[in-house]
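Take a look at the structure set out below.
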Amino acid sequence: MNWSGLFSQLLEIVVALLLAPLLTGWVNQCRAWLQNKSAPSLLLPYRMLRKLFHKESVVAEHASQLFRVAPYIVFGCMVMASAIIPTLSTDLPLSPAADAIALVGLFAFARVFISLAAMDIGTAFGSLGARREMLIGFLAEPALLMVLFSASLITQSTSLTSIVGTLAHREFAIYPSLAFAGIAFTMVSLAENARVPVDNPATHLELTMIHEALILEYSGRHLALMEWAASLKMFAYSCIGLTLFFPWGLAEVGSPGEMVVALPVLVLKLTIGGALLALIETASAKMRIFRVPEFLATAFMLAVIGMLVHFLLGA
Amino acid sequence: MHAYLIQSVNLFAAVLLLLSFAMLSQRRILTLIHLFTLQGATLVAATVVVAYLTDQHHLYYSAAITLVTKVIVIPTLLHRLIDKLNVKWDVETLINIPTTMLIGILLVVFAFNLALPIAKLSSSIVHSTLGIALACVLLSFMMMITRAKAVPQVIGFLSMENGLFFAATAATYGMPMVVEFGIAFDVLVGMFILGVFMFQIREQFDSLDISHLEKLKED
Amino acid sequence: MLHLDWLLLLCGAWLVVGALGILALRRFRFVSHVLFPLGGLICLGVFLVALSAIFESPETAILPLGLPGLPFHLRLDALSALFIAVIGSVGAGVSIFAAGYFRKGEGTPPGLLCLQYHIFLASMVLVVLADDAYAFMVMWETMALSSFFLVTSNHRIAAIRKAGYLYLLVAHIGAIAILLCFGVLQANTGDYTFDNMRAQNLSPFWASAAFLLAVFGFGAKAGILPLHVWLPEAHPAAPSPVSALMSGVMLKTAIYGLLRVSFDLLQMQLWWWGLILLALGLVTALFGVMFSAVQTDMKRLLAYSSIENIGLLLVGMGLGVLFKAYRMDALAALALTACLYHVASHAFFKSLLFLGTGSVLHATGERNLGRLGGLMRYMPWVAWVTLIGVLASAGLPPFGGFVSEWLLLQSFLFTPGLPDPFLNMLIPVVAAAVALVAALAGFAMVKFYGVIFLGQPRETKLAQAHDAGWLERIGLLWLVAGCLVLGLFPVQVIEPIGRVTLLLIGQNLADTVRVNGWFLLAPMSVDRASYAPLVFLVVGAASFYLAVILVRLLYRGKLRRAVPWDCGYPAGNARMQDTAEGFGQPIRRMFDPFFRMDIKHPTPFDEKPTYSVSVEDHFWHWIYLPIARATEAVAKLVGRLQQGRISVYLMYSFVTLIAMLVVVRL
Amino acid sequence: MENLLLVLAIPLLGGCVLALCGHRDYASDVNVGVSLGTLIAAGLLTARVIDGGPLLVLDDQFFVDPLNVFLIALTAFVGFTTAVFSRPYMRLERDRGKMTPGRMRLYHSMYQMFNFTMLVALSTNNMGILWVSMEAATLTTVLLVSVYRTAASLEAAWKYFILCGVGIAQALFGTILLYLAADKVIGSGGGALLWTHLDAVKGQLEPNVMALAFVFLLLGYGTKVGLVPVHNWLPDAHAEGPTPISAVLSGLLLNVALYAVLRCKVLTDGALASHLAGNLMIGFGLLSVVAAAFFLSRQKDVKRMFAYSSIEHMGLMTFAFGLGGPIANFAGLLHMTVHSLIKSAIFFAVGHATQSAGTQLMDKIRGLIKVNPMVGWGLLLGTLAILGMPPFGVFASEFLILTTAMRDLPWATPFLLLALGVAFASIFSRVQEMVFGDTDLKPLEHPPALLPVFAHLGLGLMLGLYIPPYLVDWYQQAAKMIGG
């Protein structure tokens, strides 16, 4: 482990923590614009977090330890995830500790805890949300894994840094398998981050909500952590997508100078990505909950077809 | 003289077969017992002739045993039995008589055919009798199958023993004495037991019809 | 003294403990507080001996028992030592737990239970040690028999009797197939030692026959589809420590047998065997996890989850066979390592979960998920410990289950090297399905945990639930420790597993792994794939604590307790929570054709509306009932032979005579 | 010679004594004592034969070799344990009014006479005497089967008598043919029915006659063995007679009949040089195993069910002996031994169970393990043993039979396995329900005789795990005698 590595690792985490709410704010702003609404401030998520952290936490009287621990765990998981994903640099000391599969495992870990915490209070909405979250999870997770596998097969590695490094250094080539994977990944990300058409982060309409149902009983600092973790998750997914499908502009080993370039590139990519996300969200309608499995199954199928295409065409 | 005697053994064999057929077709129990006694007597005569012909002394003893058991004791027992149990009436057979006879004829042909290679090998003076003995056995077997009452079934059984005995005498000049005694003893004891049994059966079922004895079965 | 002698001695000690149990038939305290811990101690000894034996060269022994000309041959090599280590280590935890678990007045007298339990343990060890067909069969069936008695220890309940019957029947039929398999393997030499079988070079046809018979026979024990029907009946029926042993350990002996036959006794592997195993494994895993997600009985849920895990094991083994058939030994070793790793981790987490349900069952008397809930408040010990098991079972990092799934997926990723393009196409699909299974397992486990321990108690009596006793806690903690060790120290765990793959395939994965340091698991090279659970844990824990400390330091906000908000609905009570049925509803809906469901909806006019749903297994109706009906029909036909009429009987005799005479005459 | 005479004389005299005093209270003790005496004498005889080799006595009429001495020992042993079992059992039957003093007398004396006839059949060298004693064994057991004088028992005994009588008559015809064949070679003076003599010249016997003779002998003695389709008497007789008699019928008489078949097979094999005898036995064996398995699945009466199980096992033995060869013969002999032990143990347990339930219907017998735990365990373990569960000896022999069959006759194995599977399913489902579960039955008034049950089970268990070397040696010699 070298100092530049440690530096880029810490920088990544800090950047993720700071940029994540901004991304959320940006997407919300774009969405408002696209829907002809007056947009909230870009910094609204930060203010929200600040407000929540300062408020007192109200916890249901029979909530167990698990309920109170869960936000920290989920938050910790998301921090971990953003530390593993090569957003700025491929010179990450932590990256050998966890590869693509472990990353998926990490997301699953967070999901399990958030669902368990939702069930802990024993309300109708909490358990309903947990059920739906797990339903989405068990379909999205393998799809995500398959997406990552498509990339792994091309690069002969499941280590994220290796994947990105290899993809970035190849001559530009069109990988049909990655095209399929890209579509699948977009669909998975929508579902995983509670976006329309799967879920609507802006509603508390009890019959349709998923993510909101999960965190219904949280308040104060716990809610803040949960919201922040959600932003981090979206950030992490965006970064995965960006690094896999647009792997250029990342800093490499032994060249700290590149880090300076990498950050603006990332911001640029995220800006475009966020806008696209808002576009997709605006253009599509929220699905009935029972259409969601079909949606995700399609994503899963696409990811698998992507892999098959890889074998068929050798690319 | 010798040739006549040999022919007479063959004649007795034929008579035995005839008697077997007669028993197969007979409906009356009393006549059945008479026929059985007659069969026994024929057997005794045949045994004596064979004994004389071959100069096998122990055959005389076995003839004597047969005379005592099959001609005197068992028929007497049977008579007493049917007297006491009062079952003289006709027996109804399970297969009608003409069919039985037809099957019987086929059986005889089969038995002869079966015994043919053995008969050729046999050194016995009356080699061809084995086939007849076998036919008698099979016919008695048929009789046991077709009868619906206990007494005729037992007579069939005894008549089968007669066939066996004839086979032993004619084909092999009799079994060793120990065995003969043993067989005779068994048959006698068996008869006693059967007699006791029939009383018990009648006591239980008020009849000697073996159709009462069909309770134990798979359902 | 050789390791093998020690093991035999320890098995003998088990039997002595069991015999003492018989002497103290009803002295409950003595049995539970002396004998069971003693048995646990012996387990520990077995574990240690076996662990050290893995690194030694094979040892053999011949016991003066058995048939003339075929005395019991025993052999301790790396493969058997590994499985014995698993038996010993898991058995130790379960025995200690059992010491605190068994209560008075439940079915079989405690002393007898002690005997059966220890015979069960000893027979499992001896099965793995057996080195000839007869010894193997004797031990195999002793194992089945002793576990049958354990399963039916509470025989007053008709369902338990039925479960036991089904179990023993399937086990017996499986055993017959295994016997046939050995019959094929000995290749008409009449010598039933495994040594002789290794020396035979069977033709592909006979080798395949042996392999298929082994799959059937061992599959019946392992619960491979469609021979799984006994498993969800028997495991819930047994007392929890026994379910733990059966699910955690006994099923693995079937895996052992299959490995022994297909990699050791058979001298060749055909590629399509691998495909069969893959297909069977996949179907089994999918089926298991699907059914596990819709169960409403906690132990049944776990039993189906065992079926799922067995499926995953088979997938690993299938890949191993496939690679071995194509002479890609390094990859075969990887796949097999994944399989063996999962053997160990499943043994630990599944026994942990079963023991957890045991404690719950004891505290509440309920197995039905619909009447549990909120137990975390009353039995926090059990709840937290079970949480570890749940996480491991869901295949989440950094626990044992994840490592094996990780290794399995890795071996899939390396498959493209296969020379057959068709297989190359097929493999990703299988990998996708494996991923699906793993994810679904998470669903089932969340349901399991959430419904039992979280939420509000669905019955008032649950408030009286007590936490586990100290002996039970020790047992649980031991298993938790196992899950953690397996999760956090994969490099060290692969060390002994490598000896096994060296024996079976000739490749030792540990050599490659060792190079990268003691905490980094990289089966091929660090560039290709790596995983360091310890780092993972440390960083995760660090970020967790950092968050905690920061929040504490910066915002010393108050915490207020209040009634749950629940979107403002006022009348929230325990009955408004999601039930187990409700939680499984999406799965039922999505995989509708796989279930045989009977749903009763209430009508709007019902006075007392009730809703019920029962989910059954298609296989029962597709395979087992038709077989039963066919047997009955044949039996009825055969029964006609015996009509009770003496004339008819005489006729049989007569006809037989004539027929035989005709035959002879011809 | 004295030993052999003792073995035969003790039960004969005992039978005569018991015919006089069999109705007294002490008669059952006398019965046990006589059986013990027989057992001791048989033990001495066995020791003698092991030490000094085969024994030819009484003008060559009696012959003891490794093959039959082991059966003699077994017969004496099971005869003794059954006598022990019948003590409390029959006492209870008497207390319940099913047995009158007269019937007790008949029972006791016939029990000893039955043992006597079996021992004669086993030890005789003369094929004729063999036949005579087999017939005598039938006669004594007919009386024993009908001892309750109920309608069902009379019917059973009648069928038993007629069917076995006819069967045994065929055996007599076979014996005559055998004599015919031997007569020419040995001459009528030289004891043409003595097995040892026949064995010496078996190669010269006329094959045609011998083939024919074997058909009659197989069918004749096979009727007593209980081979399908001439087995029909067997379930009735087992179900309706007193349980001790069911135990000895299954455990001993069937063995003796099979022994007779074996002796004939040796001669036939020698004469024919073909595998005809073996093939016939394989066919009958297989048919019996399969048919019995299916019969089993519809039973309601517990004794009847185990009677069918006996048919299955006799079929298996017949099959094994039909296969021939050292291993199969060894396995067959081993199976004979363990089957006798285990099946009689089962009948002992069943006897106590039916007495405590007051019925033989399995639906009515429940929860034995609660009322009479040891009876319950005895029945359950015995059943598992007879179903071929290791580590009991039945598995050892089935293992050998199946593996040999797999080698020599692969097409037959699926049938055997099917039958074993069906039998397992049928028997175990019922016995489990009888043993386990709740019950309102009452315990027995007299303490049950459990020693015989567990002694048999223990021996059966031992034979599965460890066969003592001298026993192995003995079996191997015997196997060699029957053409191994």
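Each chain carries a letter (A, B, C and D) given by its place in the written order, and its residues are counted from 1.
We take it that a residue touches a chain if its C-beta (ideal position, glycine included) is under 8 Å from a C-beta of that chain, and two chains touch if they have at least 3 such contacts.
For clarity, every value in this text was computed on a predicted model and none was experimentally measured.
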State the smallest step count from subunit A to subunit B, taking one step as a move to a touching chain. 2
Relative to subunit D, which chain has the most distant C-alpha mean position? A
Closest chain to the overall C-alpha centroid, by per-chain C-alpha centroid: which is it? C
When the centre of a chain is set as the mean of its C-alpha atoms, what distance in Å lies between subunit A and subunit D? 78
What whole-number Å value describes the gap between the mean CA coordinates of subunit A and subunit C? 35
With chain centres defined as C-alpha means, what is the inter-centre distance between subunit B and subunit C in Å? 70
Between subunit B and subunit D, the Cα-mean centres are separated in Å by 31
Could you pull out the residues of subunit C that touch at least 2 other chains? 639, 641-642, 646, 650, 653, 657, 661
Within subunit B, the set of residues that touch 2 or more other chains is 114, 141, 144, 153, 210, 213-216, 218-219
Junction residues of subunit D, two or more chains touched: 158-159, 162, 166, 212, 235, 295, 298
Return all touching chain pairs. A-C, B-C, B-D, C-D
Mind listing the subunit D positions that touch subunit B in their complex? 61, 126, 128-129, 131-133, 135-136, 139, 142-143, 146, 149-152, 154-159, 161-162, 165-166, 169, 172-173, 175-177, 179-180, 183-184, 188, 191-193, 206, 208-209, 212, 235-236, 239-240, 295, 298
Spell out the part of subunit C that touches subunit B in their complex, as residue ranges. 639-647, 650-651, 653-654, 657-658, 661, 665
Under the stated contact criterion, what part of subunit B meets subunit C in this complex? 94, 110, 113-114, 138, 141-142, 144-148, 153, 210-211, 213-219
Flag every residue of subunit A that touches subunit C in the complex, lowest number first. 53-66, 72-73, 75-77, 79-80, 83, 94, 96-99, 101-102, 105-106, 108-109, 111-112, 115-116, 119-128, 130-132, 134-135, 137-139, 141-142, 145-146, 149, 152-153, 156-159, 162, 204, 206, 216-217, 220-221, 225, 290, 293, 300, 303-304, 307-308, 310-312
Where on subunit B does subunit D make contact in their complex? 56, 114, 117-118, 121-123, 130, 134, 137, 141, 144, 150, 153, 157, 160-161, 164, 167-168, 171-173, 175-176, 178-179, 182-183, 185-186, 189-190, 193-194, 197, 200-201, 204-205, 210, 212-216, 218-219
